[in-house]
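Structures follow.
Presented sequentially are two complexes of chain A, the first with chain B as partner and the second with chain C.
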Partner chain A sequence: MWVDTAQEALDTALIAYRVAEDKRVFLPCAISCDGAFLTHSQSLVNVPTQEMVDSFLPRYDRAEKQLHPDNPITIAPQANEDWVMEIRKQSDMAARRARGVITEAYEDFNAKFGRDVEPFIERYMMEDAEVALVGMGTLAMPVKVAVRKLREQGKKVGFVRVRWFRPFPTPELQDALSRVKAVGVIDRDYSFGSTYFSGVLSNELRSALYPVANRPKILSFIAGLGGREVNTDNVIDVANRLFKAASGGDIDDRDTYWLGVRE
Partner chain B sequence: MSTGSVEVVYRGIFQKTLAKNICRGVVFAARKEGKIGMAFGRYSDSPERNGIPAKQFAVVSDTQEELQEYLSRYEPDNNDVTIAADDTLCKGVESWAWYGLQPINKLLKEGGTLLVPSMRSPDDLIRDIHRKGAPYNLAIVKGTASFSGLWVYKNDHTDVRLLGALAKVAPHIIGRDAILETIREQWKDEQKVASAKKSYELTKSKSVGADQGNDEVPFEFELPGWTKMEEGLVIRGMAGEQKVAGRDGGYVPARNPTFKKFSTRTMRPVVNFDTCTQCKICWLQCPDTCFDITPDGFYDANMEACCGCGVCEAVCPVDNCITMVNEQAFTDNASQWEMWAKDKEGYSAWMSKKIAAQPPRSHGFHHRGQYAEEIAHESS
Partner chain C sequence: MQESSIALTDFISTQVLEPWKGIKKVAREELFTSGHRTCQGCESALVMRLMIKAAGPRTIVLGATGCMYVANTTYYSTPWVVPWMHTQLGSAGSAATGTAAALTALMRKGKMEKEPINVIAFCGDGGGADMGLSAISAALQHTQYNLLIFLYDNESYANTDIQVSGLSPYGANSTFSPPGKVHRIMHKRWKKNTAAMLAAGHPDCKYVATVAAGNAVDTLNKVRRALSIGGPTFIHSLDPCPKGWDYDPKYSHELGELAVETGIWPLFEVEEGKLKMYGKSKHIASGAIKRKPVKEYLLRQGRFAHFTDEDIAYFQGKIDAMWENWLLPGVIPFRAA
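Right after this comes the complex of A and B.
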């Protein structure tokens, strides 16, 4: 999952352990923490007490998969081609079960730590939005500022921040984005040679929204690679293109636009 | 319009080059006759370990479409010829990928030929080979199992001799002239061409009846589905009847009946219980934990679990206690300790006879430098 602040990095670490160590999941979990800005910044964070953490995060218990003289087992031995598909299917089922476990973990986290965090995605000013920006991680800061500026001008724009990339929040994004007319995905990454030469999030999102009845126009953008600044003007530029696309304007949605690149 | 295929069953690592040379030779020879061939390995990647039965196939067709049709099956199961590159493979093979004993003639078609390099007589070999339930032929190329593997290539002409024999038993797959010309081109060695030619001339087939051979039912193992497997590919220890002395909980595990690795073995340890000092070193050092502890404190090599690596013989500090003997000398996996406990004199006589009359080892060495000695001996 992607985080956008130091506080969220800490919170997400607790949640990640809880999910990854859950017997229904037992899958590895990775947290992406920017790498250019957030990782090189300092800020005060609310560190929970050990007791609070202990009440939320149980001891890692491998239970019947714990190697012990009283529980002699062989675990994860070498397996050959006759076993690969069955093992993958089991991992697939674990990844599917992870959705429920993640939801549970956030409910418990919110209750114990007094927060109100939606699992999988964050919705920002989406209630009456006509166009939406979508991104992950630290992109949130300039985007939220730009959204507020545009709202002041009466433009109905919202932002959806994807927290969990795997399992991909397909139903949540379908719910949040099927009511808007145009979606602009800003990827702070680039997937070489991918569909429309775009980033990972826009590819996944196109796929997620394909079966939706009122599929919005989807524009994809690449920005902020290597920690390059994504400023509010960049975001406003994206929003303006979205409004143009939403009103049937001539915008090519089969291309990917690079923001803030020197020509 | 026809397709023919050859299955080469070989000892992993030890004979990888041998198998490759045979299958490659078939493909090149096919091309000389205007046919299309393809060679490929199965179980020759991750499960390939020292001695483990592995396979390569060579398929030859008149047309590309026929070849595709044949290759749409992952493992050709209707082979014209099966080559067992080591005669101890005739007892059946179990790669790590199968978990069950496959008779050496299982994938051979009715009327096909099993081709084996061996010093044994056909009747002696048939004793080891499981009954097929359909007639087939057995052809023997006189010789010991060749050691042409990843790291050593014993240039003993076994590969070209088998190719020559193959042209004799399956001329519809490759002809004599095509194979001789291929050997000349690939090896650039007239001696090898002569070896192949001689082998072609000497090779004779003997027909084997549907009911001839070993009547033992090979053990099988059903691969579980994903809903039946424990996640993490966990294999649970199985409690035996023995309890751990002086302690609550824990147990002495029993052997898992689905793990039988003995078809990897080309030689087995024979233990002299009269000279054994019960020092435990064999039990401790065996990489496959194959020694069972007997009630009277001896260590009995379990022949269902033993891979025949020879570590026990190497580490045993007692002279003439553990001796590795070629697997050909045995017809079952019975416990040596039980035999000894029942009749000590009888066991002693049996053991001495096996050791004295043991056929040469096909793989592995008794002491450091043995390979160099063998090569020097053979070239002199």
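Right after this comes the complex of A and C.
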């Protein structure tokens, strides 16, 4: 779960607890806030009242898992390897159910907090986009600025921000990206030795888009590692390469491009 | 509720667990029952049974990784009749403090009925005296919480196939210290003096004791004393282990007895700053009985089968020094210069 703003970090904390504590899911949930860009910068945040939060996120009830002499249970026994498949299957079923629970949580959150947030991804200027940028977290800031600049020049570019990395928003991304000609994934991570030596998001996205009928060209980029700034010029550079790829230009989509590396 | 009465005047008070005078007075209720798969002759399993019998049903037990986790609580079965939770290898101290603190907080906030609930965290010699020593030390400083750390010491990482721990005796054969032709003695570190170290190092801790399950009633009553006295407490039990020590499983009690009689395992308790030797150790300390030669103990076990007379003499010398040269014989090793 990646967040873009301080407000989203707060909102998502509420949503994450609700999803993780839901008996249908009961899986750990991690929220990733980009260090420094998000965690060490100031911004205004709308802090909800306790009542609002309580109505959305009821107090956690340990119920049958309470450690108390009146409830003599054994917690966390040793499960050996012969149980791994059954336990993994349970995790799988929980992860599958999580999609519905997340959707439900966002619907309730939107209704109670007066928001209009799409659960798994954010679509920015995607309606008529011909090429799309994809990223996570605070990458959204320079990308959105660049998208607006390019739109002023009449270039039809959009941006998709992945909120939930697990469960991976496969249907949403298939829906959002099957109508564009080229997709540029900017990973703020690097998975060494992976397919085309790219980042985790582009790998996941490639496999998510594989069965799509009009599969776009997918270019992968690595940028902003260690908190290095990703600026609008970097993003415009990416967009230009996407337009070139979209129009059948000579760009190798089996390689990964690094942005802003000191030579 | 056995024969213990509970003082409900103050929720952070302890249960009042009077000592049992003789084996016939001991509660018959078993709180550690079938459902485990410990080895034949496992002293530690018996120690668990005694520990929880002494504590009674209003107890929460936390178990650090080790034999008594893996062999007792295997997925889909459990011998524990009381609530039990696993905690990480080195975190018996932290888990005990956290649980006691949580109970206190929940009771203070009115979210749980006020009642003195025993909190016991057990750990093995590896989990307690090696990895978890700092967490136990921290737990013994938190005098506002009532808890017992119970160390069952089978003198090796027995669960993972007998690797040397900080409490393995000098020279013992283990997976990590197999005797060979070039080096007969592979494990040269002397066993840590854990219980005395913790007693000496935590003067506000009201109760520290060593036990051996061969003295069942004493073991039960030390646990009851530790849980009644209040604050964090510590008990160290020496548990012969047929698998790790290599002897016929029927001799577990006998070897525990021999460890006491040879002076290798002194039985003592430190209650509110006062040291008291008990059992045969008391008579050894007073000189009323003579220590048996350590040879009688060592040569009963396969793990010392490679010992030569020279090794036995070295071991005997260390034990002699423990009783003859130490400031407090069997307990405190140093003396004023």
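Rule of thumb we're sticking to: the second predicted complex is superposed on the first by the 257 of 263 C-alpha atoms of A that agree within 3 Å, B and C clash if a C-alpha of one lies under 4 Å from a C-alpha of the other, contacts with A are read in each partner's own complex, and residues count from 1 in each chain.
Here, a residue touches a chain if its C-beta (ideal position, glycine included) is under 8 Å from a C-beta of that chain, and two chains touch if they have at least 3 such contacts.
What you see is a predicted model; the values in this text were computed from it and never measured.
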item: First, second, both or neither for A:Ala94, with chain B first and chain C second; value: first
item: First (chain B), second (chain C), both or neither touched by A:Pro72; value: both
item: Which superposed partner A:Asn80 touches (first chain B, second chain C, both, neither); value: both
item: First (chain B), second (chain C), both or neither touched by A:Phe26; value: first
item: Touching partner for A:Ser207 - first (chain B), second (chain C), both, neither; value: neither
item: Which partner reaches more residues of chain A (counting touched residues only), chain B or chain C; value: B
item: Chain B and chain C contact sites that coincide on chain A, given as residue numbers; value: 69, 71-80, 83
item: Complex contact set, residues of chain B against chain A; value: 43, 46-47, 96-99, 223-226, 229, 231-237, 249-250, 253
item: Chain A contact footprint on chain C (complex, rising order); value: 57-60, 69-70, 73-78, 80-86, 99, 112, 117
item: In the complex, chain A residues that touch chain B; value: 26, 65, 69-83, 85-87, 89-90, 93-94
item: Contact set on chain A toward chain C in their complex; value: 67-69, 71-80, 83
